[in-house]
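In structure tokens below, several structures.
Two complexes follow with subunit A in common, the first pairing it with subunit B and the second with subunit C.
What follows is the complex of A and B.
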């Protein structure tokens, strides 16, 4: 209010200038005045009040009915002023929420952090990006003493905070399994029971679990309705789908998961992903799965980590840098 | 408390009567045009709440004058159903009046001091003060 009172004389001068010259300069200054007033949280009724005061000082013999009409105008502005203040308060609240979410996102990063294992003969790359601040994608590596590597990739259908909360639960359940060699089918069966007990039926979680046995170069895997990955055969220089059937987690308590196995030859790649990758859209069109394998093929001479990053950058650009869903890709290549 | 000036709220038209009396007293105390308009709007909200949710009640006015300060106290009372969750009613955007920035949060913004006491099944009393600056 004090700022406004200070501005009364400048408003009066401005108004006088405009009434006398009607030039654009005065109107430009009026624009500046209103922007400044907004910054000072001055509501429309106060502006009308300043106008009325300036008017009566400039034209002391202004007709009474005109002055009355100005007071009428002021009265109609009161509710606008209230709505404006409410808007300001809600905006502050929104900033608060946003900063809370970014704290939560940081916590999630810490919570879900996993170390990419360093295994001789295996080149592993991973890239994961949330569509919003918090991710509903999850990936996790486990390494046992014999050098076998377990890889979990999961996706909560949905994104944002509900998906992120759900993901934390997955993380804790995974931690409760022993690190020692666990077969994919038994891990998924265990997870299925946890999810069935703890998660709202409207929430779906898909999961892929793979175990790479370094001694025999066998890859064992099972899938709970998860987006199929790709298998790259170096010998034939071609990609095929990693087919694995299984019910999404949490639907049927007694679901069992079939375990598959394959021999990984030198130079072969296992590509695991979430549907944020396959459901990328170029304009209105969903991309074809071949487009993903084509892009991987294009970069296959690079280290696994760089391939995943290149693929991400490719599809990020294709979608005008606005991810629609969380994006996670893991590549495991047998080097030796 | 003994108030000199009260307006009973029974029908919608009484809201206008409450506004008029409140504005007259505000003018006498020395409030300017903007504050008069704000006080009148606050009275509208309080009286309309009584009319809509309690059916009947009253809005009372008291000029406060002591050595340091002058102001206007408005007390709106009813014996209606009461407010179940005052905190919720005080949240922005909760107002059932269509989110027009009014409701009780609006009254709080229009006035300087604000207090509400509500007991379920017994009624509600809203006490507000506007100080003359």
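What follows is the complex of A and C.
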């Protein structure tokens, strides 16, 4: 049927065949004809025009009032034709934008890429999925020569491209901290000043920063208004909230951040997340935090990476595979 | 879900009553209404959140902008009657320390 052209004679034949036999075959061909016309950018008024011509050739005696009504129809279809042209132009523009956004998203991936460190005695897992093409969530690992691992998890309020651009700024500010200042409270205080100076007032960032000292198995951490994570104690087989108080970044220039520390025992897990995990909704119902720790508990025998993936899949299913917000989860477990 | 915004603009006290959900879609509308109020010199603005069933972090952004403008215009902003889920959001982000929040007739936060 692809050879079918918008020519009068084939349309006339088709029309004649249908009027005489009214069979399904002709209707099917009419459908093919219209699909083909769409591909060829033929507007609805042009089709009506062809129809009018075919009709007058097939039935030269057609009553004048019927012919007039057909011309009337032709006029009314003209605006549809124009709207259709506009739609085509918009569609092309949209394709262009989409490809630009995907270039930007790839660039974001490159700019923000971080390598999960291999640390003896620690099992680290991380899963991060954007709700749209570009993510406003961010996580970053830093490893210093003494074997300490720094972990940042952050969330820009606001989604999409502005949030993503903001994250690149955060990443580069983080990279500029010298090794000896990698303590959570000083990092957050530094970041707070950067954000306060450089970011639009309605935009702000929540961030959790933790430093795992491999030599002593101490975990130091501070939070700038970030969704609390979980601490799993293997000895008691129970989860507790990682409580850390602190103001979101970018609101008050003089904010200070309290630093907490805890001794991590063998088998214990530190779970860090963004509010895309806790703000997850199943239908009209919100996910309770206990539900998250229950799911982690269910998979705790798996390696850290697999736990994060299983949790993601669990909540993705609950939301019918339509994430409303970016989802990021990091798990650090002391193995030995 | 929508957000209904009702403003009672009294000379001395401006009361904004909200009901519905504050999210990325409704937050711009709230910002458009709330900011001109807190940007009036020495205005006293009270926001009633009793009817707000859900708020996400974009809603927090609006209240932070409003709070910042109170410092510029010497106006006052108080949030009243929010449910526990909404309050938790202010608490986690540390904003209860810097925004005036009244719940059940007790002042939980302070400037």
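Here is the rule we use: the second predicted complex is superposed on the first by the 316 of 336 C-alpha atoms of A that agree within 3 Å, B and C clash if a C-alpha of one lies under 4 Å from a C-alpha of the other, contacts with A are read in each partner's own complex, and residues count from 1 in each chain.
As a convention for this text, a contact is a pair of C-beta atoms (placed from the backbone, for glycine too) under 8 Å apart; a residue touches a chain by one contact, two chains touch by 3 or more.
Model, not experiment: these values are computed from the prediction.
With both structures placed on the common chain, the touch criterion links A:85 to subunit B but leaves subunit C unconnected. By the document's definition of touching, of the two partners only subunit C reaches A:203; subunit B does not.
When the two complexes are overlaid, the chain among subunit B and subunit C that reaches more residues of subunit A is C. Contact with neither subunit B nor subunit C is seen for A:184 once the two complexes are overlaid on the shared chain.
When the two structures are aligned on the shared chain, A:229 is found in touch with neither subunit B nor subunit C. Of the two partner chains placed by the overlay, only subunit B lies in contact with A:52; subunit C stays clear of it.
In the overlay built on the shared chain, the residue A:247 is in contact with subunit C alone; subunit B does not reach it. Residue ranges on subunit A touching subunit B, taken from their complex, read 1, 45-46, 49, 52, 71, 74-75, 78-79, 82-87, 89-90, 93.
Interface of subunit A with subunit C (complex): residues 155, 157-159, 201-204, 206, 224-228, 245-248, 251-252, 255, 275, 279, 286, 325.
Interface of subunit B with subunit A (complex): residues 32-34, 37-38, 40-41, 92-93, 100-102, 105-106, 109-110, 133. By the touch rule above, subunit C contacts subunit A in their complex via residues 24, 31, 56-58, 60-62, 64-65, 67-68, 85, 92-95, 97-98.
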